[in-house]
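Each of the next two complexes has chain A plus one more chain, namely chain B in the first and chain C in the second.
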Partner chain A sequence: MARTLVTGNHAAGAALALAGEANRDARGCCAGAYPITPQTEIIEYLRAFNFTKGHIVPVESEHSAMGVCIGAALAGARSFTASSSNGLAYMNENVFAAGYYRLPIVMIAVNRTLGPPWNIWVDQGDSLSLRDAAWTQFYCESHQDLVDTILVAFRMSEDHRVLLPALVAEDGFILSHTQMAVDIPAQDLVEKYLPKLNLPHQLDFEHAATVGGLTWPRETEKHRREIQSAMENVPAVLNEALDEFAAVFGRRPDGAFTAEYTEDAETVLVACNTMARTLRRVVKDRRERGEKVGMVKVKLFRPFLRDAFIHAIGSAKRVGVLDRNHSPGSGGIFWGEIATTLRQRPDVLLQDYLVGLGGGDVTPQIIEEILDDLKQRKQAEEPVWKEVAA
Partner chain B sequence: MSTATSDTPTNTFVRCDGILRPGNTNCAGCGMSLGLQFLEQGLDGEKPTLCIPACCGIVTAGQFPTSAYGVPTVATTFASSPAVATGVSVVRRLNQEPNPTVCWTGDGGTYDIGMATLSAAAERNEDIIYVCYDNEIYGNTGGQRSSATPLGVRTTTTAAGKTERKKDIMGIMAAHRVPYAATLSVAHRDDFLRKIRTARRTRGFRFLLLLSPCPTGWKSEPTESVDLIRAAVGCGLFPIYEVFDGVRYRINIRPDGTPLAEYLDGQRRYHSKTIDRDEIRAEIRAQWAFLEGMEKAFPAGKDEGNPA
Partner chain C sequence: MIELTIYGRGGRGGVTLAKLIATTYFLRGKHVQAFGVYGAERSGAPIQAYMRADDEEITNHNQIQEPDHVIVVEQTLLGPHVLSGLKPDGWIIINTHEAPESFAESLPGRRVATVDANAIAVAHGLGTKTVPIVNTALLGAAGKLLELEFADVEAALAEMKFGGANVTVAREAYDAVVGQRLAGKAQPSKQRAANGPVVGILDEEVGGMPVIRTGTWASRRPSRHELMPACNDGCPAGNDVRGFVQAVAQRKDYDAALAIILKTSPFPGICGRVCPAPCMEACNRRAHDEPVNVRDIERYISDHAVWPQPTRPTRNERVAVVGSGPAGLSATYHLARLGYHVTLLEAGDEIGGVMRTGIPSYRLPRHVLDHEISFILRHGVEAKTRQHVDRAALLKLTNEYAAVFVATGLQELRSLNLGNLAADMVMQGIDFLDQARRGHVHLTGQRVVVLGGGNTAMDAARTALRVGARNVRVVYRRTRAEMPAIAEEIDEALEERIQLDELVAPLRLHNNATGTVLTCQRMKLGEPDESGRRRPVPLESEDAIFEIECDKVLLALGQSGDLSILPEGSDVRHGEQLLGLTAAPVFAGGDFATNAGTVTAAIGSGRRAALHIHKTLTDEDLFPPPPAPVAGPEAIRMHVFSHQPREKPAIIPAEVRRGSFTEVRLGLIDEPGHEAAYEEALRCFSCGVCNECDRCLTYCPEGVMLHDGDCRYSFNFDYCKGCGICASQCPRGVVFMQEL
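Now for the complex of A and B:
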């Protein structure tokens, strides 16, 4: 393995190219690509890559980028793309279509605030707006996590027990445009890890079918149930994919939730992406001072593994959620999900904090203030706006 | 396999293994049904992959798990058929599969919502045969105006007659300098099949425009569909021509003096006080002046478009 100093976007581009190239002895790879800040370097990397059997189509919109991916995947090729913010919103219709077609496309979402007003900084509202599409969703905390998760996502998505597309999110600029040392895996190891893509419903002249044609309610109910079953297969398939990753590459990426210091924690904070890294430092400091605090990093948001989350928070009595997103009229989207999950734990005080919206810098000091607030709370209230950019 | 060949007479039904199987739900007199059969005959047994957006053409497939299409077909989102076809076509090329990728789309998906996607696929010169069966309305939703609806025509959203002119899609596609663009008439089968064969032998983006009678939307008699198109061609309203590389023109069928009334009278969508027949005649004359001028100044080469 080559340990290289690269940006998050370079790392993501490299991982996608490795996966695409790994399918060259099957039906190759093909993708649609369209630029948007802060994702653009990923598609630049892909366009510059010299695939043995692959082609990246420079399309005119995100909607068509996913359209090309859909056609390519249905024709049996490995497919992937990347987007951000309003690009994901513009792509929305075909994002839903890719899930409903059951195509194992992998898309990198470099999180950016939805506009207008225009703001290029990080906010998870863009990818979370796609939470009701039939896609799995991963949130990555580091460059290495991003590379590894992309490869895991291909392996899991292409497994016939899942056959769903995967969205892999990284924070705009904080991760996409900073550099860290990353192990970029060797091509032969990636080929060992990723079987050739075998799409069961690939377009076929011998067994001509109409993909995505008309269904009535009965077939539609069945279709949705099948997608739900596929989502329910994710925990087992993901675990196998992580185990196999460890066997091939010698390290095991994080799974759905990572619980830290939660064995005896009374207070637990929940976060994803790079915020989880800042949170980890704060929790570690507090532990060293003897406070019973812990954290849970959410990596897998779809499917949301409720039982695993309940297990992850241990016996905590107070749970605070750091939401870098906002669902108008409700609150944080992670909070809403966790509130549904905690119906099994009515004894837990659950408080939401809307923090770092529009890319505001969530410093250790901000998280300290949130922890102090959570620890002294008698009861939960509506989501707290923790404005950090003043 | 029973597949139509160049020797197959028009009245022979060779449809069991065909692109369009019997038992589909298309309306009687639908121009798209005939168009699909001519497409199959022109492909001489070569099986295409169809990419069909939201339009009557995807309702044609019928209800899952059955399909009226005898070839692999993707029901794409409304604006996406050229994008999805790009993905299919690229992967076919990577795998040395010669089968053509065909977009089969209505005018809504072509002139309106799919225009950007179509323009981009044409600009990239993707290896796609794009057929627009143009019935000049949103037929699938019950007959609303599109930018393909002619001036004055009544639709469910232009009750008093459309106040804007029809978009010149052939001009738009020619301006993209696509290798081949042509108009198709279901009343002129030889010309239709020759153009499918020309399209097949051409690489890159090929655009074919079919004026597709829609008895339901045009308020016409199903049995008169082919006659209506013959009249549209004969009176000059729908010129039959082809354009090579966007710059070399050839007119294939010239007006034969058929009165405009033969086309208009049989369609109640044209029975509107806002229809000014003299204005339509003036438009036809202007259209022909343009086409004949282009053909004279920039003629197609003798060998172009004549399959061996």
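Now for the complex of A and C:
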């Protein structure tokens, strides 16, 4: 394994290329590519890579980028792409199509605030706007997490029990443009981990078919139930994928939720991406001062594994959600999921904190203030807007 | 943990510097983090870059608030915000040529280190003087202050594959950086200044982007200059062609256009009819669709504008001009306008030279010629005809006048021996034209052969037709491509059913049973001769010799000057004074000196002679300054202009015109609601000279250009980022970018 100092985007590009190259003895790989800040370096890496059997196709828009992935995936190629922010919004229709076509496409979402007004910094609103598109969604906290999750995502998505595309998110700039150390796996090990893609409904000249034609309501109902079943298979498939990863690469990536310091925590904060790392530091410091605080890092957002989340918070009575996103007319999107989940736990005081919207720089200090607020709170209120001076 | 903040500019290596420093720690087994914070995604905009290194895994991802040290990549970035959060013992490493002591007032009590990374980088070819690449040098400087071994610096450079000069500059900076703690009390570190009130979309005062003097982001600046239009460059008379065309295009001001022409040429009506138009040959529009029809615009101006009043002499000196062709008349005109008394001496019995005797009236109507000559003479000029000036007379003139200009043209006519019959049947074309215009020669029913390929040959052929010839053949020993005549003249002659025999050389005239014949030899083109044209060589075949029945042969084989007028031992050099041989200065010009062969070249020659004479007599130099570079097609953004064919001038059909001397070309004809010359002038690109189209200003994305006067534009360099759009959008090469 090569330990190297690279940006998050470079690491993501490398992982995608390794996965794509691993399919060279089957139908190869393909990406539809369109650049957008802060994702561009991924596309540049892929275009520069010398695939044995694969095409990185530059197109005129993100909508077409996903279109290319859909066509290539239906032809049996391992397909992937990347986008952010308004690029993800632009490909919206085709993102849903990829999910509904049950294609194991992997897309890196480099989280960036949706505009207008124009904003280049990190916010999870863009990937979360695709919450209902029948994709699994992973949120990564570090370069290593990103590389490992990408490989896990291919394995899980291509499993016949799942066959759903996977969105893998990383923070724009904070990971994408930040240089940190990471192990990039070797090609032969990736090939040990990822079998060749075998798409059951791969298009085939011998047996002509049309994909996605008109269906009646009852077929649609069945289609949606199939997708839900696939989502319900994710925990088991993901677990296997993580176990197999550990066997091949010698480390086990994080699962859907990572509970830390929660054994006897009274107060738990929930976060994803790099904010979870800053949170971890605060929790560690507070623990050293004797406070019973803990944290849950969310990695898998779709499917949202309710039972696993209930298990993760343990016996905590106060749960605060750090949402770097906002659904107007309601509140943070993670909070909404967790609120539904915690209907089994009416004893928990659940409070949403909207923090770092539009890319505000979330410091340990801000998280300390949130923690203090949560600890002394008498009752839950509507989402708290925690402004970040930036 | 060690934390560094770097203040740099986008696109100039600040973030890479953070990565390089991080790499030095990474290679020594530390956990590291390096990233930039981008605002305006734009080269030159201020950015910060951050570097963290620690023995433990780094989980903090926010921006650095309390750096251990800061690096200022460019001195212009210094400001109080640089101190924000900086620990008391922290280094401020500045890329500057100044010494640390220079910052005693602005950074008292601080540890300041300086290195001239700009000079080091540029000396080793890294970047340019405007944008030097200083990060690898600053890596060396930082390494020294962070107490790294140079080997660590080298290892980082190798890891990131920065070789060559990068290692050299890192070493130089590592050795050269100096630092000290400055005297005085350190100012408490201020937090970063707030950005001002936060405004919402529905607020009354919506506000906008913070006011940032983005002029500091620029590495180049726009500027404006004038280039020489290609048409002006091509005009032998030195006319401001672009100027008079634009006077029509911009303001339909024909009087102003005429005034522009009259500054350099007194013959717009003549040139507008007979000039071969090298300006149109040079016209950049040719590369886009068709050249601007300058000739017919000039003619239109001459025909429609109001002519100004002639000036009167104001000086005492008297100048003599010998020869009243276009060079002599041009010199007369310019000398008269400079205030001199001019005496114009013409050997023939009419003023005008070859314009009158050699150019037929179907090309140049007499009234146009007379009008323009009259305009010149009314400048207080004394004109004398039947004054033949020989050498003795010339020397006498030099005693009577302050200066003399000799422009007697080409009196010697080249001839050819065609045998004994020549005397009756053969005539010089030039003489024929003069006779024909006086009505003294008719060729009714005759079969005419014209020998030659220049304008005189065409004129003689077409005139022969008009004085009754049964048929006319032009015999030329090379091909049409080599004929020096103006292309349109050849076209019109062929339309008039004049036959052109290419690659034929005449041998001799003789009588046979039926009448007189001209025996001819067919030719082919061989190797080039001294003029560069391929030499005609006789064909060897049996049918190479053939006969043409003819009654008249007109010779148009070329002319040369009669130099006997000049004092013995003198040499004709165009425009130069014949020194030391005469009492008063004598200048020579026109075809007599240059054999250039066009009215327009003669006009230029005459004008230069006038300026030479003026300079010699008064020491005043009125010659135009050296021209700016020429705006060729590469200076013009052709894609900006739509395609528009030229206005078609009117012409009398061949069958009608071949029988009379009425003017063949009628120029641009107006129609109701359609001013033809104006429409044609609109096709002019105004190459190299601003015509206030305002395209630069319209496309400026920052709105930093002002149009604040006649052809005056200014730039607000406080905000101009040097994007270069104004320069790329200027269709005519006026706006350009300069490195700062």
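Odds and ends about this structure:
Keep this in mind: the second predicted complex is superposed on the first by the 389 of 390 C-alpha atoms of A that agree within 3 Å, B and C clash if a C-alpha of one lies under 4 Å from a C-alpha of the other, contacts with A are read in each partner's own complex, and residues count from 1 in each chain.
Simple rule for what comes next: a residue touches a chain if its C-beta (ideal position, glycine included) is under 8 Å from a C-beta of that chain, and two chains touch if they have at least 3 such contacts.
In this text, all values refer to a predicted model and were calculated from it rather than measured experimentally.
Comparing chain B with chain C, the partner in contact with more residues of chain A is B.
Once the two complexes are laid over each other on the shared chain, residue contacts for A:Val211 go to chain B alone; chain C is not touched.
Of the two partner chains placed by the overlay, only chain C lies in contact with A:Ala181; chain B stays clear of it.
In the superposition on chain A, A:Asn119 makes contact with neither chain B nor chain C. In the superposition on chain A, no contact is made by A:Thr258 with either chain B or chain C.
Of the two partner chains, chain C is the only one touched by A:Thr278; chain B is not. Within the superposed three-chain model, A:Asp361 lies in touch with chain C and out of touch with chain B [touch as defined at top]. Taken together, the two structures place no residue of chain A in contact with chain B in one case and with chain C in the other. Residues of chain C that touch chain A in their complex: 15, 18-19, 22-23, 26, 31-38, 41, 58-63, 65, 159, 194. Listing the residues of chain B that touch chain A in their complex gives 47, 49, 51, 58-59, 61-65, 67, 69-77, 79-80, 82-95, 99, 116-117, 119-120, 123-124. The part of chain A that touches chain B in the complex is made up of residues 27-28, 30, 32, 53-55, 57-61, 63-65, 67-77, 79, 93-94, 97, 203-205, 208-216, 219. Taken together, the chain A residues at the contact with chain C in this complex read 5, 37, 120, 171, 173-174, 177-181, 274-275, 277-278, 280-281, 361-364, 389.
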